[in-house]
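Per-chain residue numbering starts at 1, and chain names A, B, C, D and E are given in the order in which the chains are listed.
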Amino acid sequence: MVETKESKTGLLERLRNSIPQEWILSLKAPEPRRIFLSVKREHFKEAMTKMLKDEEITHLSTITGVDLGEEIEVIYHLDKSGTILSVKTTTPKSQPTLPTVTDLIPGAPLYEREVHELLGVAFDGHPDLSRLVLPEGWPPGLYPLRREISIENIRSALEKAKEEKKVG
Amino acid sequence: MVPAEIIEFLSVLIYPGFIFIFTLAFFYEWVDRKFVARLQNRYGPLYAGPGGILQPFADFIKLLAKEDITPRAADKTTFRVTPILMLALALSTLFFIPTAYTTAVSWFEGDLIFVTFLVSILVLITLIAAWSSTSTFSTVGGIRVVLQMLGFEIPMTIVMVGPAIVSKTLSITNIALWQYTTGHYFAIYQPIGLIVLIICLLAEIKKAPFDIPEAESELAAGWITEFSGRKLALIRLTTDVELILAGALVTALFLGGPTGPFGIPSVIFFLIKTTGVILVISNLRALFARFRIDQMLGGFWKYLVPLALLQIILVTLGVG
Amino acid sequence: MDEERVIIPIGPQHPALKEPMNFMLKVEGEKVLEAIPNLGYNHRGIEKAATVRTYIQNLYLAERICGICSIAHVQCYAQGVEKLLEMEIPPRAQYVRLILSELNRLHSHLLWVGVAAHEIGFDTLFMYLWRDREIVMDTLELITGNRVSYGFTMLGGVRRDISPDMAARVKKEMKTVRDRTQYYKKMSSNERSILKRTQGVGILKPQDALALCACGPTLRASNIKWDVRREDPYLAYNEIPFNVVTSDGCDVLSRMIVHYDEVIEATNIIEYALDHMPSGSFREKVTRRIPAGEVVSRVEAPRGEDIHYIKSNGTDKPERFKVRAPTLGNIPAVCKMLSDSYIADVPIILAGIDPCFSCTDRVTFVKGEMGKGWIWTQEELRRYANRWYQQR
Amino acid sequence: MEHELLRNLRKKVATEKYPFIKKKPPEGLRGKLIIDMAKCIGCGLCVFDCPAGAIEMIGKGTAADLKVYLDRCHFCGQCAESCPSKCIVYSTEFELANFDKKNLTIEFKRKL
Amino acid sequence: MNVVKWARSKSPWIIHFNTGSCNGCDIEVVAALTPKFDLERFGVLLKGSPRHADVIVVTGPVTNQVKERLKRVYEQMPSPKFVMAIGTCACSGGVFKDCYNLCQGVDKVIPVDIYVPGCAASPEAIIDGAAKLLKKISG
């Protein structure tokens, strides 16, 4: 647990007290009105539910997915009266799954779909994660924002898919 | 001595027939566009001819020279025939309304009713044209055309009867002449009727705020979406002829038709009066936002029909 | 399959949407039962491209996420990178940027109201608004030299200073803009045909707006006082007095009013900022390498909350650059508004959120998340659409 | 609103007759770029910083020629910013429409 | 024949297609139609249906998603038809050169008649392009 600057709203303090220590990997406020909270994957949903309820948070700004190499980090940017609370959790890249938050936040489905499509993270319990549509003929399993995929990779994969379509 | 048949033939073909009407149609489109542009603080057409006066003509020639596509899904025969039919109908309607001379090219006792009939048929042909192109936009546009007709048809017919009652004739030509000879202009004596008629005609010629069937921001180009090339040229020409039709009808029924003092040729009076009507129409076009179809229908039935009836009651009571 | 129901595809090439986007409307008569958005026509892959470019090059990429809110995006990006550098830009630069941001808001809002007027078939108002918007464009041209992509915000400051001459002219223009806007506001709230088309149309209740994470003027028109400039102040917004405008109509009309009021508010902000501009330098040198770290940066773009996430690994290229443009946040809200409306109201409702799909689509794809009561599957719908287009 | 319409009828038209009457371009407008090859030191910073890859360097160092693709150039001005010898200038010429893309490539050669 | 050429050069109806641009060029195209620049002086009308249009104004670098639609809209237009590529993105892809979902310019998909570079191409530049194109049409 590292902490550099105190948050104005006292949200940091409250979070530190309300969320069990063993759920948290790190909790820091690098600058005013920004809090980064890293949660263990298995406690993610619980922590999220608790936080949303305790702090009465309704606004989810967005969900960011970051490819860390071995793992994929998913960041939920929540807003609590001007403070951005970024809740992080990670999931292994070999089989990336996370529980959905659409039941907690009705505005979340689009963001989850975005992460699903571009990084391949499956969200358990999402109402409609079916085939997401990059352009027609996009090769399945090609997640453009993954680290090992370069732009040349994507181009050649697209070419290949196009030719296969022509042959087939 | 030129035989009477040839004179009649020429009058249908050239003056005051086709050529005259087409020229006038292009002229009035230009007036309309230019006036609206001016109201919107811009020039409008400027470089085609002096002041852009040849703009509608250029549009027409260009469309004639363009490729003419018939969509594969369309009903080919109907799709091809309807634009011609529409133009023919609009033109023949115009022959019953006095334009260049104090009398119309053809007139008989009861042509007022016949004109109302032709106008309705024109709307129905629009529906067929829209239907035959089978695209979603056109179909919805076509349905809106007919819905719109349900709104304006009744009040329009009612107010057109007003002048007929007073002048005791069912011929448009005679109504116009009656006004001139008695000096009893209906624009002064039946103002409600005039207003209702102009609003209904706006809806009839599908100009804003009643351009609902062609609403660009909702339905691409509405019922004309699929027409291109020559067909589109004809349709545009029809719209312009309808503009004259609206102007001429108001002129004949409420402004005394192409008549006036001082022995000046009657066509001059006709031009002045119709241009006036068209400027009013253009002004209304610039003034309002487009109505929604249900609002339009509701408005017509709630306000215009009672107003039209009120006018008739006033007329029968001797006022007007 | 229900034969009586017609599906109207709105887009991707459609005059109501200035940008390509596809909405499938399921209609019955003139009533819309449901709307299904299909984004992605504008997807370019900016987030990926950003990772292979230097921070300096990304400045221009960020500007071109959206041509209308260019200042907002580039401000958000630059602010994030400056935070990573742990630097404060000179106060004068902050004011210049703030003035630019507000000018950006001005032209975007006037543009929007114009487009909204066009959508309800009121072209005269559209022409007038765009004519008066040119005043703002001239002002922007005066300050930056260009009309749309300014290339003005640099890492560490701004490219040019605002001279006293410019300031005087800008102030003069602001007065004109304010007067005109006040006139239009009065006119719009009195003109019957506008009221008929906008009042009670596209209702978004406050609780729905909150739940669906709407933002910006859309949220404020649902009577929720939430503005990034106030909640999470950046630049010099905490030094400048301004109101967060709200309206309680929850419909398109109140969105219009909010836009007008924000224009008036923005002209006041610009005048205040021009009067209180601190002196000093307007730019500082910045290193090409950015220290490792991560930052979440957000600004109030004209359309709402714009949020960027930048992760740096200590090189001259970012490791991850994530953009969430305001329009995406408002799409669930607009689907809610569209259901149970008239076809004729669709354009104005869509326009009501002030959509900017080029911002939105840089990575995102949405395809029908409104599943309830829908009798066609996605696949059938797609096939239908394909067939429909082939016939043409 | 009618009042406003009539007012506009009397007012002068807002339109500028652009292609026939040209107004002075604003200061700082970034149009076609011009490179003064006499000053160029061939450092390649402009090529490195250009976000669109619009500048190409043929040859190396002080002997290099530069080729500018105007069809790729975004007129952002970063090259002029980066250039240490300040040899890149933006002119105010913006009327660059052309029928052929090839005509949009300008070569800047060193005078020998 | 000359009358037809004259008519064509006096009455170019345009359809505007955004193929994934940043909106900058789009607002400038629209701005070119509004009072300050007023393209209607040249007889330009903005049409909603490709069937009515003579000139397709393309803005944007053409995303893979929109490529097919662009082709289809182009095919729906009756000939003679002309293509204007507005803005640097439409000319070559420009700043989006290594974005993965792009075709790098309109000319990769449909033949282009006139290129108008600029970012964003100002209304003046667009009018200049239009005037050049019209001159070419009138021969």
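Everything below uses one rule, namely that a contact is a pair of C-beta atoms (placed from the backbone, for glycine too) under 8 Å apart; a residue touches a chain by one contact, two chains touch by 3 or more.
This one's a predicted model, so the numbers in the text were calculated from it and none came from an experiment.
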### Query
Can you name the chains that touch chain A as well as chain C?
E
## Note on the structure
Per mean C-alpha coordinates, the chain lying farthest from chain D is B
### Message
Measuring centre to centre with CA averages, how many angstrom lie between chain C and chain E?
### Response
24
### Message
For chain B versus chain E, what separation do you get between their C-alpha means, in angstrom?
### Response
34
### Summary
dist(centroid_CA(chain D), centroid_CA(chain E)) in Å evaluates to 21
### Query
Just how far, in Å, is the C-alpha centre of chain D from the one of chain C?
28
## Note on the structure
Where chain D touches two or more other chains at once, the residues are 1, 5, 8, 13-15, 51-52, 74-76
### Query
Which chain E residues reach two or more other chains?
34-36, 38, 41, 48, 63, 65, 76, 95, 98-101, 119, 122
### Task
Give me the residues of chain A that touch two or more other chains.
134-135, 144, 151, 154
### Task
Could you please write down every pair of chains that are in touch?
A-C, A-E, B-C, B-D, B-E, C-D, C-E, D-E
### chain C residues within the chain D interface of the complex
53-54, 56-61, 63-64, 124, 128, 131, 134, 141-142, 144-146, 149, 151, 154, 159-160, 183, 187, 191
### Query
Can you list the residues on chain D that touch chain C in the complex?
1, 4-5, 8, 14, 26-30, 48-52, 74-78, 81-82
### Task
Going by the contact rule at the top, pick out the chain E residues touching chain A in the complex.
63-65, 67-68, 98-101
### Message
Looking at the complex, which residues from chain E come into contact with chain B?
### Response
3-4, 6-8, 10-11, 13, 34-35, 38, 40-43, 47-49, 51-52, 54, 76, 78-80
### Query
Contact residues on chain D for chain E in the complex?
13-19, 51-54, 69-76, 94-101, 104
